[in-house]
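Structures given as structure tokens follow.
You will see two complexes here that share chain A, one where it goes with chain B and one where it goes with chain C.
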Partner chain A sequence: MHREIKYSSKRLMLTLMLCACSVILLQNNNVSPENSFTVNLLCMLGGMAVCAVMFLPAVILKKRCDTDFLALSEKITPKLKIPLASVYSLYFVYAAAYFLLPYTDMFCEKYYPGASPCVIGLCVLAACVYAAYKGANIITRFGIFLFVFALVTNLLMFGGSVGSLDFANGSFSLETDFDAAASTFIYFCAPSFIAVIYACFAGDTENFKLKQPFLALLFTALKYALVLFFVTFSVGAYAQRQDYQTFILSRVAHFDLFGGIESFFTALATMSVFMIISMFLSCINKCTGSGGVKNSAVFSVIIFIVSFTAEWNNSVKEFFTNDLILIIFTAVVAVLIPLAYIFTGRKNK
Partner chain B sequence: MEDTLSKIKLSLSKMFSDSADLTVRDIILKSNNKLKGAVITIEGLCSKDELAQSVLNPLMMYDFGGQTPDEAIETIINSVSGSCDMIEFNSTQELISFLTSGFAVIVLDGCEKMLATGVQGYSYRSVSEPESEVVQRGAREGFTEPLRVNMSMIRRRIKNPDLVFEQMTVGTESKTQIMICYLKHCASPLLIKKLKKRLEACQLPTVLASGYLSEYLEDKSTSRLFSGVGISERPDTVCGKLTEGRIAVIVDGTPAVIIVPRLFVEEFQGVDDYSNRSYYATLIRLIKYLSFFFAVFAPALYVALAQFHPEYIPTWILIKTSESLAVTPLPVTLEVLLITFVYEIMKEAGLRIPKSLGHAVSIVGGLVVGESAVNAGIISASTLMVVATAAICSYVTSPLYPPVTILRVVLIVTAGIAGLWGIVLVTAVTIISMCSKSSLGVPYMSSLSPFSLRSMRDVFIRASWKKLGSHTIRVQKFPETEED
Partner chain C sequence: MKRFLAVIMLFVVMIFPGCSSSRKIETAAIIENVSVTKEHGQLYYTFYKLSSDEKPHKTVIPASSFEDACRLAKEKYIPHLSLAKLRLLLVHIDLKDRVMQDDISYISTQTYFSPVAYVALCDGEALRRVGDSPGILSTVEEKLRLCQKNHPSVKLDYLSIFNSLQRNSTEGVEIAYINSDKELKTDIKKIFRKMS
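Then we have the complex of A and B:
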């Protein structure tokens, strides 16, 4: 494994921001078309607020003790290392499947019909094992390149959609269907998984500033808002009739004769999913205290088995792509467990 | 004590197995006690004129009176010999080392001390412009084979007492001399220590070129696709790198000087960039980056688009491409691979072929293999054009030629199997691999990732000398450089 040295907190935040932004790339009817753009935007802002709350325990630990939750737990309760590692590993396996399943689905359904989701998943996981073996620092360095690519892709996607803007496609009204709004709100809480990654690696970073996580969430919100805006007003009803609306946005975007932005989009989605799963595997390595390739390989096999099973069994798929389960699980590992440690630590003082 | 001369002569003839080039010139010095001695050399390594003028003639002419052999040695050093290099020693190991380095060794009977005098004079290639690093504006001087000549070329450019040359010997059999060269106030002591440790760990029997040492200088457990060790034949390039805190290793017998640490962005920087106007240098640099991307990705993208996504090709190009692809018997992936391999074969042949035949071979390569194959419908013109352009582009950054070629082939195969998606995945893994690489502890992708805004003035752009000269960035100051 690559030797871990302290790296820039700003770079970790940039990587986490890219991870969070990629959630909307894979959206498949998660944002309710029954609600207006304004309601969806409000739901998104609510979701981002929840994400900010999820960040708090990790940020408190970083700010006060310059450490991360994993290091703290190992210090306070060394005997609980294995149970804690199991819970966190379980979470990361779940979260990895949560991203891998929609990605393989979108790829095989929209971009390259006929491809086998299992083969695609296996190839991505194999690449992720290599990246996880190199460590989180190296993945964040990769994040810089991905950031540049994401910038270009987004410029092409949004720039190419400007010509098709039509405000008659959507509305700004505040009338809402509560159930639809609730489901959209829960979906927009999904990016809070980045708080868990941050809780794992905060201790390895330097030059932390309080504004960094909030800026990351702000830019994520901006990206979401732009996607929502263009999906609603540029593609409109056409997108609502189809799955994977953000993909549709990239497909219809064009500059005169130049089209094919969905290839850029798919490349961005592929690299984002690759980065997210690599980060999850790195987190597992950190939780289990093992940096070798063996550990990542074992867990990627588990993720693959989960994805493979989900391809054949719809209820398994529903379980692993459920936004609510992800949020509850995230709340437990990002807020409840760390808070318990913080309060226990205070009482002991 | 009396038999020291015959003992040394005997041991030398044993060690050199009576080699024909070992020359022993017996002499009797002008003195009251008829001091016997010998001047030992290896033929071809020292200048006979120099030997006669500064060693033999003065020795024969000088009257040593009643001096003992030990006193005579001191007299030779102080009053007799006109040679600049006079080194006193007494071990056999040193004797061999001096003889094989072109020194003449004076041995006096009855004295354990010996004297090495610098009379080196062997034939070597004169200083000329290196063919691999030709510049438009700049010195026409390149390193040559002898170590001392190369050292002098650096010293002439950096007239600073901080410039240090440290000698080491590598190769258990060849005993090749190498010089570690750095500027004391610029280079990090930690990097120097690390470098020496790695050179000491090199247990090769023979070291005949810089390339032998390169692998030993690479950081462990990092990707080997790209090289973390730079090579240059230009003294001005080496001097420029030394001022940035880098360390050079000069290997005796080769004009290629090793420079460490080596970063990815350096592959796009050339001596001419710093001689030209900054705006023009910036343009050239951007062209270099584009050429690199074209050399790596163009054939693979062509395969992916032609095979999996023809809808992305503009219609007017698609019609022409499809027409030419339709008449060729091979699938596009195989066609691209075939032309790539044929090109590599032609390149290898071209490098080794006698110059007089080179012209004929290039005609055969260009006309027969190229045009005839297209006319016969074996390969398509568009494929040939893409591969040829990529091949030309790969020479824009010639030090990157090996990794570019490997990556190109891997990407062509991947594109043939998995289209654009395959290219994306391989690119992601390659970037991870490059980001994980370090050169002597300095991240290989420094300036880009880890990002350093200050260094960007000499990455994609070449800022004016006023800006560049205001603050030199030392290589050890790059973020995340390993401290130990």
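Then we have the complex of A and C:
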């Protein structure tokens, strides 16, 4: 089995926080316009609570045995290694397509009309294969650089939108339609995919403290709340007419005569997607017990075929960008399977 | 491993610059401002291109709406049209009820327009001066900012005008009106939301 050198748990959490924050960068009208700001905020807090629950099994394993789920499963049920690796690899392929498809769409629609989404997807995947070959330790180092860049971009985006704030644009009412609130809540559960990445890499980290995953989720919630606030009160009804609301927030940001930081936004989205997919490919390497480039390359080809098919067939695209499927799949691989092992381990004692 | 990466890099280098529909900056027709007028019952959209010449390059397109004008411009008149840097939309005062809201509504659905670009009403003489004089765009923008300083309730850009129209159906929205006698002056006019 490929062994990673132990690295800082804080660094992994920072990377996971950036991965979770990127969900809202690729947002494509998933926050219902029928909801008020307060309802959206409550849905977001509910979603973050679900993410926290998804983290619990991995956190319990780390705290009790200083290991991760994959190492534990290999120890308890070595015969189930291949079926488990298949289920987890399937999950990571699904999740990679879930992030790659909206990104390539956004890139081609908003930034470079005329370019083929498949070409963009291929370029991103080629870079991700190399990053996955280098391992999660190196990717988390890249996370530090990305954190600084994200901080600058967000400061510019929010600071530049303060001038356009108009509180008459949104409302604080609690009245809402149940379906609209439910779809927004499901959308905000999407960042729980980071719990699965954590379940794979928890054993490779050191200096773990219980507060770390919850602090990561708290900062993610803060970022989401700021985006919701500025989209509602700075862009207002104009945002509801646009496909990518957070993207339009970057266009509204202006400092006197200098306006629009969409290039920063696209760069941040690109680097975030690169980091997420690299982490997924690293997870696949860990599940399959391979540290070489072969496995990453094979699975990135599968992800590319999925993306290519989704570009041609709308039903495939709908399947691979469905929030609910991602949440259910995440609950299975982050909570149900690890919990079964935790209870089995306890019985065996 | 190195050979594999080299092949991938070569592949990426080969396909990236060769994007077939790439647009070169020197051939792009970057539109800075658009004005809307009406003559003999026909609407005319005039697109002013960014240029270093003394007199602004303009293309006059007869169309029923801004959406139609943009479509016709791309198809027939300005093949390399780029509206991403549009800074100002000037609408003749007589057309404030006819085209203003429809055009802003269309713009709000398109991402390539900057949401903070200016929109103003104009009289015929001011429109003529904007079309004839180089560098007048900056003067107009300065006048508009001054107008907002003196009247904080006035709405200058697509974003604030669209949002104000969405919520103020009866009170109306104050927008800038540029008129000209000897020099450009700014005033305020109200527009009201169309009831569908």
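The criterion applied here is as follows: the second predicted complex is superposed on the first by the 345 of 349 C-alpha atoms of A that agree within 3 Å, B and C clash if a C-alpha of one lies under 4 Å from a C-alpha of the other, contacts with A are read in each partner's own complex, and residues count from 1 in each chain.
Note that in this section a contact is a pair of C-beta atoms (placed from the backbone, for glycine too) under 8 Å apart; a residue touches a chain by one contact, two chains touch by 3 or more.
Everything numeric in this text was worked out from a predicted model, so none of it was measured.
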item: Partner chain in contact with A:Asp243 - chain B first, chain C second, else both or neither; value: second
item: First (chain B), second (chain C), both or neither touched by A:Val252; value: second
item: Contacts of A:Gly260 with chain B and chain C, given as first, second, both or neither; value: both
item: First, second, both or neither for A:Gly114, with chain B first and chain C second; value: second
item: Contacts of A:Cys123 with chain B and chain C, given as first, second, both or neither; value: both
item: Which superposed partner A:Arg11 touches (first chain B, second chain C, both, neither); value: first
item: Shared contact residues on chain A - chain B and chain C; value: 112, 123, 130, 259-260
item: Chain A to chain B touching residues, read off their complex; value: 2-3, 5, 7-8, 11, 107, 111-112, 120, 123-124, 127, 130-131, 134-135, 137-139, 141-142, 144-145, 257, 259-260, 263, 266-267, 270-271, 274, 278
item: Residue numbers on chain B that touch chain A, as the complex places them; value: 221-222, 308-309, 311-312, 314, 418-421, 424-425, 428-429, 431-433, 435-436, 443, 445, 448-451, 479-480, 482
item: Contact set on chain C toward chain A in their complex; value: 1, 4-5, 8-9, 11-12, 15-16, 19-23, 108-109, 111, 114-116, 158-160, 162-163, 166-167
item: Residue ranges of chain A in contact with chain C within the complex; value: 109-110, 112-115, 119, 122-123, 126, 129-130, 133, 164, 166, 168-169, 235-238, 241-244, 247-248, 251-252, 254, 259-260, 293, 297
